[in-house]
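Okay, structure first, notes after.
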Amino acid sequence: MTYKVAVAGCTGYAGGELLRLLLQHPEVEIGALTGNSSAGERLGALQPHLAPLADRVVAPTTAEELSGHDVVFLALPHGTSAAIAQQLGDDALIVDAGADFRLSDADEWERFYGSPHAGTWPYGLPELPGAREALAGARRIAVPGCYPTASTLALLPAVAAGLIDATQVSIVAASGTSGAGKAAKPHLLGSEVMGNMSPYGVGGLHRHTPEIAQNLRTVTDGDVTVSFTPLLAPMPRGILATCSAPIVGDVTTADAREAYAAFYAEEPFVTLLDDGQWPQTAAIVGSNRATVQVVVDPTARRLIVISAIDNLTKGTAGGAIQSMNIALGLPEATGLSTVGVAP
Amino acid sequence: MTYKVAVAGCTGYAGGELLRLLLQHPEVEIGALTGNSSAGERLGALQPHLAPLADRVVAPTTAEELSGHDVVFLALPHGTSAAIAQQLGDDALIVDAGADFRLSDADEWERFYGSPHAGTWPYGLPELPGAREALAGARRIAVPGCYPTASTLALLPAVAAGLIDATQVSIVAASGTSGAGKAAKPHLLGSEVMGNMSPYGVGGLHRHTPEIAQNLRTVTDGDVTVSFTPLLAPMPRGILATCSAPIVGDVTTADAREAYAAFYAEEPFVTLLDDGQWPQTAAIVGSNRATVQVVVDPTARRLIVISAIDNLTKGTAGGAIQSMNIALGLPEATGLSTVGVAP
Amino acid sequence: MTYKVAVAGCTGYAGGELLRLLLQHPEVEIGALTGNSSAGERLGALQPHLAPLADRVVAPTTAEELSGHDVVFLALPHGTSAAIAQQLGDDALIVDAGADFRLSDADEWERFYGSPHAGTWPYGLPELPGAREALAGARRIAVPGCYPTASTLALLPAVAAGLIDATQVSIVAASGTSGAGKAAKPHLLGSEVMGNMSPYGVGGLHRHTPEIAQNLRTVTDGDVTVSFTPLLAPMPRGILATCSAPIVGDVTTADAREAYAAFYAEEPFVTLLDDGQWPQTAAIVGSNRATVQVVVDPTARRLIVISAIDNLTKGTAGGAIQSMNIALGLPEATGLSTVGVAP
Amino acid sequence: MTYKVAVAGCTGYAGGELLRLLLQHPEVEIGALTGNSSAGERLGALQPHLAPLADRVVAPTTAEELSGHDVVFLALPHGTSAAIAQQLGDDALIVDAGADFRLSDADEWERFYGSPHAGTWPYGLPELPGAREALAGARRIAVPGCYPTASTLALLPAVAAGLIDATQVSIVAASGTSGAGKAAKPHLLGSEVMGNMSPYGVGGLHRHTPEIAQNLRTVTDGDVTVSFTPLLAPMPRGILATCSAPIVGDVTTADAREAYAAFYAEEPFVTLLDDGQWPQTAAIVGSNRATVQVVVDPTARRLIVISAIDNLTKGTAGGAIQSMNIALGLPEATGLSTVGVAP
C-alpha cells in the first residue's frame, strides 16, 4: 500500500528535508505541499535541490489542502499545530515537527514557551524505552527537538544504568545553522556565521532544556537536572553534543562502554563507535544515524559522552519518518539510511 | 541479477563516493575493497560515513583480490590502470575513474601527463552524442574528469548549434577541495582553504584542458580552443563552471535557451534551469544532476553559460555508475538520484 | 594636525571596516557615527569587534550630526549622497563609498542604476594614471566599487601596453559575502552560502560592469568591452578576479610580466607576485594590498591575469582612506597595512 | 630604543602570527627568521600574507643564527627549547611559545608529555595575580597554551571569589584549526574539517588539562579538578570556551558579574561584555582581546562562563608580545590591538 503524505511548511529547512527523505521512501506518494507567504510559487525556485518536485506549486496551509492524506507532516512555527490537528480529525496520522506537544508538564511548557499548554502527543524518539509501543498505531506524533535527540541518545544509557549523578548533567552542544531556520536574521548571515563560534540561550534559557530532562527521567526514578548550553557553529548541518556528569562510585570506561553497547545493541540508527573513534558531524550528514562514544575521566571522576547527529535528519525529518514508519506498521528503517554524505 | 563489484582505492574520496552510491544501488553486491597503505585496516576508521561497511577490512590492491567480480572500479593514481586491466581480462567490466584512457590523442597525452599513452577506452559521458552506443556492452570505461564533465555539459549545445566561436572559449571553474584528493598537503589544510579562493594550473597547464577540447570537438568540424582556469573554493564538494565565448552572428538568449532545451530534453541528469534561476553547487551536492543556465550578453556579444555539478558524484562516482548501468544494460538512472542534500 | 572624521552608515560592513582602519590611523580623531534604524543604540552591540568604540552611541544620519568634521565618510545606499554633500558644503572632504558619483557617462548611469545622474566626483583609485593629481586637495571623492578595483588593477597594465584585445575582455570574479552587505536576505544566510558557489547578475547586468570599462578606457584610445560575471563564494571577505582576453600579436608571459612590473614598480599597495606564485584571498584579508599575477597561454593565445583584494579593505574602506590621505596631503600609506591576517 | 628580535620557527602559524604582530610593533626590529626544512627559501612563498618580509630568506634554526638578538621567540616543537636557551645565555630574553617550561609539577609534566621535566619559567599570562611582577625584567618566559589562556581567563574570577566548586569544573572548548598547526595531516584537510565538528583528546588526555588546573590553583587554597574537552571547529582561528561548575551557596548572576567586573576592571585585554552580549570568536579575530560573559543557571545551580580569544593572537603570539612588553619595561599594550577583523 502507498500512503499519501502532505507536508505543511514545505519551504523551510525541516520541510525540505522531509521531502528529500520522502522522495526516496518506497511506500509514500507526495501529495499537498503547503506554505505561507510562498503559496503560489513553484517549489523549484524555493528548494532547488528537490529536482523531482521542481514543478510543484506551493499551496496555502489550510485544512482543506491538507485533508485527504494518510499522513500530514507539520513543519510549522509552534502554536499552530493544535488547530490544524483538530480540523483534520483522527483519520490522518499527524506528525508535528514543532514543539507544541512535546512536553508533558504544563507548567514547564508555560514557563519556557509563554503560552497555554496544548497537550501531549506520543513522543517520536523510538530509542526511548516504551516509545515504540506508544508509537505503534498512533495517530499523533510529536517529533523531538534536535538538541534533545542528540543529548538524550548520548545520556540515556548512563542514566538508565545509574553510572552518573543525573542532577549534575552538563551539555554543551554545537549546532549547524540550519537549526536556526530559514527566516533571514542578521546574525545568521553567512558573513556573520562563517569563521564564528557563538553561544546563545545560555543559563538554562533554551526551550529544549526541559525536554532533555523529561526524556532522561523516563529511565530513572531519581532527580534529573540538566545544564544546557547551545552553540552556533560555522556549518550548515549537524549537532555535536558534549555531555558530562560526575560518575557514581568507581565506574570505569569499560563499565560505561558495556552499558552503552547493551543499551543500543538492537538499535538500527544508533552506533556506539569503536574504542578510539569519536563522533564527528561530517560522517553523519544526510543520514539518520546517531554516533556515540563514551569515556570516564578518572582524574576528574567524570563521564564524558559525545554524540553526533544531523539536526535535520535524525534530529528532525529522519526521526519523524522513523516514527511514522512505526506508527504505520512499516519496517522502521524504510526509506532511511545510515550512510552519510562525506566529505 | 546482482552484479558483484570491487572498488580499488576504496579509502580516497572517489572510492568513498563510489561506495556511498553503490550501497544504494539495487543491482549490485559490494565485493572486494582494496587499498594501498591502509590494507589490513577496518573501513570504519577510514570512511566513517559508510556505516554498513564499517567492519570491512581493506585488502591490498592486487589482481588476485580484484578477480572474480563482474565490475571493477579503479580509483587509483593515473598510470596504474593498464596493468591491472590486462591482468583481469575481458570478463570484468573495468571502470577507470583515473585519467589513463581518456585522451585519444597520444601526443596530447604525453604533453600533459609526461608518460607514454596507454590507449583509449569508451568515454563515460553519456550525454556526448554517440556515447551511449559506445558504452552499451562495453568492457572498459574511462570516467571523465570532473572539470571536463562540468565544462562539456555547459558548452556542448552551444558548440553543436554553432552559437559561439569555439576557438575563443574561456572557462573559469571553481571546485571544492575534495577534487584535490585525500593526500595530506599543506596548501589543502583546512586552515589554508577556509576563507580562501585561489587559482592553480593557470595558463593552460591543467591536465583537463585537452580533455574538454576533445569533448567539444565531437560536435563540431571546426577548430576548438579552450582557455581553462581552475580555482580552489572553500567548500568540500561541487564545481561551478563559468564558461563564455563570443557569439556568432546575432544569437540571442532566446536562441541559446532553445538550443539548450532541445539538446537536453531527454537527459535524465542535466537540467536547463528556468529562466532567472542560476546553478549553485549547494543544490546538487550528493546528487548526479548537472544544472545549466545560459544567457547572451548583447553588449559584450558573448554567450555565458554556467553549470554546477558535484565533482564526486556526477563528476566522478555517479557518472561512473551511470556509465556502468549503460554498459550492463540496466536502466541508466538505477541507483542514482537527482535530489541534492541541502542546505 | 589631527583630522576629525565622521562615518555615516557606521553599522554596516563598509562602515565597520572604515572604523577598524580609522582606529589605527595616527592622524584622525573619530567624531560622529551615524546610522539609520540603529540610531540610539550602542555600537558595542552592533560592531562587537570595535572594542574601543563599544560605548559610542549611534546618532541619526543628519547634516547636523555630520557637520563640523574635516572628513565625512558616507557608507550609505546609493542615491543618498548628493543631498548630504550639498548640505555639508565644501569645507568638509566627503568620501562616498557608494556608487552615486563614480560614472562619468550619464546614460550608462541611468541604464544601470535607473535614476538620474547626480554627477561625477574625483575617482578614488590612485593607481589609475592621473588619479593622484586629481585627488590631491580634492573635496569630494567617489570610492570605486570593489569588483572594479580588483578588475582594473588586474587589467590596467595589459590594456595600457596594448597586450590584449580590449574588446574581448572576460572577467569572472568571486567575492566573499560581505560584499552583499549586512541586510538580512534569505539567500545570504549562512546555511545557504556555506558550501556553495553561485553566480548572480550574469550577462552584463551587474552595475560594476560599466565602471570597469570606464577605468580601462583611461589607458587606451581603443574600444573596450567587458564581460563581467560575479560569483558569491563561501567566505566572508575577499575577491579573486580571473580576467582574460586574446593577446595581440605574439605577446609572451615574459612580455606581460615586464609590462606589469613596470606599471606597478612604484605602487605601495599593488604587488606583482613572483613567478610561480598566484594571488589568493586569504593572504590579503584585512590588508590594503592587491596581489596580481599574469601569464600567457600560448595555445589558447590568451592572457590570463588574476588579482586578489579584500573587498572591504582595498576594495572599499582601505581604498577610501588611501584616497583621503592623498586629498589631505598625508603620506599615502598612513594608517594602512600590506600585512594580511592569515590563516 | 629598538629591540632586535628573532623568530625561530617562522614558517608555522605561531611564527607567522608573531611576525604579523611584530611588524606593527613600534619598538622592535625584526632580525633572524629561522626554520627547519624550509631553510633557504624565501618567506614570501611560505607566509604570503607578510608582504614586508617577502624577500627575507629563512635561515636554519641554530644558536649562531639566533644569537645577537635582544629577544628570541621560539615557536618550535616542544622538547627543543631548553638546549637553545642554554646556548643563548642570559643576555637575550627568550620567549618560548612551546610547552616545555609551563608546568611547575614535574610529575604532571612527565605524565602528560612523556619526557623529563626541563624546568619552569615565568608564566606569560599577565592577568594571573602576581604574574606581572614575575615577568618584569624576566629573561625567560613560558607562553601559556591557547586553551589554558581562554579557560583560565574565563574561570579565574569565579575561583578567586569562591563562587564555584572548583573540584567540579567542566570545560568544553572549540578551537579553530590553526591550533593544530601547519603540518599536513589527513584529518586536518579542508575537505575533512569544513562542515565538521569533532572532539579529540577526550577524557582528560589533552596536555593543556594540568596547565589549566595549575593556573586556577594560583587563586585558591582549595582543590581544583578540571574536566577538559577540546573540539575542532570548522574555522581557521578562534577559541570559544564554555566553562561551568556548580555554584557555592546562593550565588546569583549579579554576584558573578560583580566579581568578574572587579577582577578585570583594570585589564587592558579582557572585557566582561555587557549584560545580554555573549562572546563570539569572529569579534576577536586578529586582536589580543579576550571577551567573557558569565551567568548563573538557578535551576541547574551552575555557573556558566564563556570566553572567546584568538588562539593565535591572545592565545599565542599576542600573549607572548604582551609578556615581552612587560619584561622589557615597555607599556604592556605596545603594538597590540583590541580591534578584531570582522566580518
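Note that the chains are named A, B, C and D in the order they appear, and that numbering of residues resets to 1 at the start of each chain.
Following the convention adopted for this analysis, a contact is a pair of C-beta atoms (placed from the backbone, for glycine too) under 8 Å apart; a residue touches a chain by one contact, two chains touch by 3 or more.
Predicted, not measured: the structure shown is a model, and the values here were computed from it.
Undergrad: If you average the CA coordinates per chain, which chain's centre is most distant from that of subunit A?
TA: C
Undergrad: Taking contacts as defined above, which has more of them, B-D or A-B?
TA: A-B
Undergrad: Centroid from C-alpha atoms only, then distance subunit A to subunit B, rounded to Å. What do you get?
TA: 35
Undergrad: Distance between subunit B and subunit D based on Cα centroids, please, to the nearest Å.
TA: About 45 Å separates the centre of subunit B from that of subunit D.
Undergrad: Please set out, as single numbers or ranges, the residues of subunit B touching at least two other chains.
TA: Correct list: 13, 176, 178, 191-192, 194-195, 234-237, 280, 282, 285, 343.
Undergrad: Classify the inter-chain contact topology: is it line, ring, star, complete, or other?
TA: Per interface graph, the chains form a complete graph.
Undergrad: Taking the touch rule as given, give the residues of subunit C at its contact with subunit B in the complex, in rising order.
TA: 168, 170, 172, 174, 176, 191-192, 194-200, 202-204, 209, 225-227, 229, 231, 233-238, 240, 242, 244, 246, 253, 278-282, 285, 293, 295-302, 304, 306, 308, 343
Undergrad: Would you mind writing out the residues of subunit C in touch with subunit D in their complex?
TA: Residues in contact with subunit D: 13, 16, 20, 23-24, 42, 44-45, 47-52, 54, 178, 194-195, 236-237, 271, 274, 277, 280, 282-287, 289, 291, 337-343.
Undergrad: What part of subunit A is in contact with subunit C in the complex they form?
TA: 13, 176-178, 180, 182-186, 188-195, 234-236
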